[in-house]
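Pasting the structures here.
Two complexes come next, and they have one chain in common, chain A, joined by chain B in the first and chain C in the second.
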Partner chain A sequence: MKENLWKWLGGILILYSIFAGLLIRVPDLPVIHESIRNLFYHVCMWFAMIVVMAVSFVNSLRFLRTFNLRYDTLAAEAARTGLLFGFLGILTGMVWARFTWGDFWVKDPQLNGAAVTILIYLAYLVLRSSIDEEQKRARISAVYAIFAFVLLIVFIGILPRLSEGSIHPGKGGNPGLGVNGLDSTMRLVFYPAIAGWVITGIIIWRIRVRLVQLKSRIDELND
Partner chain B sequence: MESSDKMFVVILVMAIIFTGVFVYLLLLDRQTHRLSKEVEKLEAERKARVQTKS
Partner chain C sequence: MRWDEVMSLVKKDLRLEFRQRWALNGILLYVFSTVFVTYLAFSGKMDTGPWNALFWIIMLFASVNAATKSFVQESNARQLFYYFLVSPQAVILAKIIYNLMLMLVIALLCYGVFVLFMGSWVVNHSLFIAALLLGSSGFAGILTMVAAIAGRSGNNFALMAVLSFPLVLPLLLTLIKVSAASLAPTPFSDHIGNLLVLLLLNLLVVILGWILFPYLWRD
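== the complex of A and B ==
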């Protein structure tokens, strides 16, 4: 029942972000015009990814404290879920960039940082699949995942803000969540949309974890 | 195709996200289905083995 409550909440918040996101009045800015509404969809992908990757980070730490393989599963599946949102974020960003800056990819610290982050997590999966021994794989990938999350913060949150000449918005202070900078009507849609996608990310992560549990049950039965 | 208000960009972005999530969930569902079938099969086999032993 409690589980279902979260599913409904996530679904309703996303549904709200679709309707409200399309219907509210937005400030008419040059060049982007109505495509400013992508804020409710494109940016939420990254929020969901960062939260799910944080889950992976926390569970990697928990694994290294306890050496309980359950936490390794939790961390790995969180990283896999995060990659879904990363890819969706990149793809939507490319489409938005094509019709705003004229090209699918521009040389911008924010874009390259996001791409590097995705590659770091893809390398995490490659690393995992290259080690057969369970405990060893869990330990090495947990240490890697901790570094990976720190690099995510650096490449997505810090470096693009420090570098001059980034044309991707979201620089200077905390424009996504701060009180200044974002239109107040848009904030009423933006925050629920973030919450909805973060909840959806967590739900997908839990489905993935249950899939792995099914797999280990099969291994158990095969022995 | 490019209308000046760029509303189509929003539609494109939404389409990417929702087809992406939908296909992803579809694949997960297929995997779950396959695995739970296998668990059922193995459990039935194990049961049969226990019964023939006793």
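== the complex of A and C ==
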């Protein structure tokens, strides 16, 4: 029952943000113009991804404290869900970049950070699939997940230092769109959209976990 | 953990290295031949940009190659034996120190061969040396930890590159930036910030290894 309530909430918030995002009036800023609406779709993917990846990190830590395999499933499925949002974020970003910057991929710290995140978690999945023994796999991949997540956070912190300034909106290069400079009607769509996608991300993660648990239960019964 | 445990482990590794010279010689030859191949590929003409990028890419590949065998050259039984003798922290610290020495040798050789074939573009030598030192230690820290992770799984060699490249990137990009600056006449003090970032990254990696390695250790 409670689960259903969250599902409805997530669904309604996302539907609202999709329609409202297309319908509301947005400020006409140079360079980005109407493509500013991608804020409601693209940026939310990264919020959802970071939240789910943080869930994965916390569960890896919990696994190393308790050595309970349940936490390993939680961590792995969170990483998989996060990757899904990572790919969606890159795709929505690439379509936008093609129309705004003229290229699918440009040299920008924001984009490189996104690519590195995806690479790290793909490597995490490769590592997992290379070890057969459950306890060992859980322990080693938890160590890698923690090591990688901390370095990833540092990387995202360091990157802006390295570049002469990003051309990504909201990061100084392009006009407008700083979190503080956000138009007030846009906030009315942007914040619910973030909430909606984060909630949906968590729901997808929980369903995946339940699927894995059911599968292992079936295997147990078959044996 | 006691300090003499670390020291005797480092000594053990050094002695192993000198008894079976092929490992070290293999790495040195690897560096030499990669640089030679790039020299031929570029037909000897190179700008500062490619010089810098290639230098660090070759450094990265040589370091990954050198670090890969950190934990696999000794059998599991032998590792278990060490586990009864010393603390896991001593093992990881010893490996990092040993790999650091190895990386320094690689860095010096790489630079030497580069200068020999393609000339030196370095203007600000102290900045470049600082980048080399901090780069080698950073590589040693990250790659030792990844080697410990990859060594526990089945196919060590393929995993090593996949696991380490995304993790090395923050270090590598900072290094390339600092060393690019050292190829032009810029004052040393402009880059204290970036050098501090490198130093902090090194510290962070060692601390993470210190905390996480004990979990990798037992089987």
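We adopt the following convention: the second predicted complex is superposed on the first by the 205 of 223 C-alpha atoms of A that agree within 3 Å, B and C clash if a C-alpha of one lies under 4 Å from a C-alpha of the other, contacts with A are read in each partner's own complex, and residues count from 1 in each chain.
Throughout what follows, a contact is a pair of C-beta atoms (placed from the backbone, for glycine too) under 8 Å apart; a residue touches a chain by one contact, two chains touch by 3 or more.
Owing to the predicted nature of the structure, the values given are computational and were not obtained by experimental measurement.
Of the two partner chains, neither chain B nor chain C is touched by A:L188.
When the shared chain is aligned, no partner comes close enough to touch A:L29: not chain B, not chain C.
In the superposed pair of complexes, A:L15 makes contact with neither chain B nor chain C. Contact with chain C, but none with chain B, is seen for A:V116 once the two complexes are overlaid on the shared chain.
Residue ranges on chain A touching chain C, taken from their complex, read 64, 112, 116, 119-120, 123, 126-127, 130-132, 136, 139-140, 142-144, 146-148, 150-151, 154-155, 158-159, 161-162.
Those residues of chain A whose C-beta lies close enough to touch chain B in the complex are 18, 22, 32-35, 37-38, 41-42, 45, 84, 87-88, 91-92, 95-96, 99-100, 200, 204, 207-208, 210-211, 214-215, 217-218, 221-222. Those residues of chain B lying in contact with chain A across their complex are 2, 4-7, 9-10, 12-14, 16-17, 20-21, 24-25, 28, 31-32, 35-36, 38-39, 42-43, 46. Residues 142, 145, 149-150, 152-155, 159, 162-163, 165-167, 169-170, 173-174, 177, 193-194, 197, 201, 204-205, 208, 212, 215-216, 219 of chain C touch chain A in their complex.
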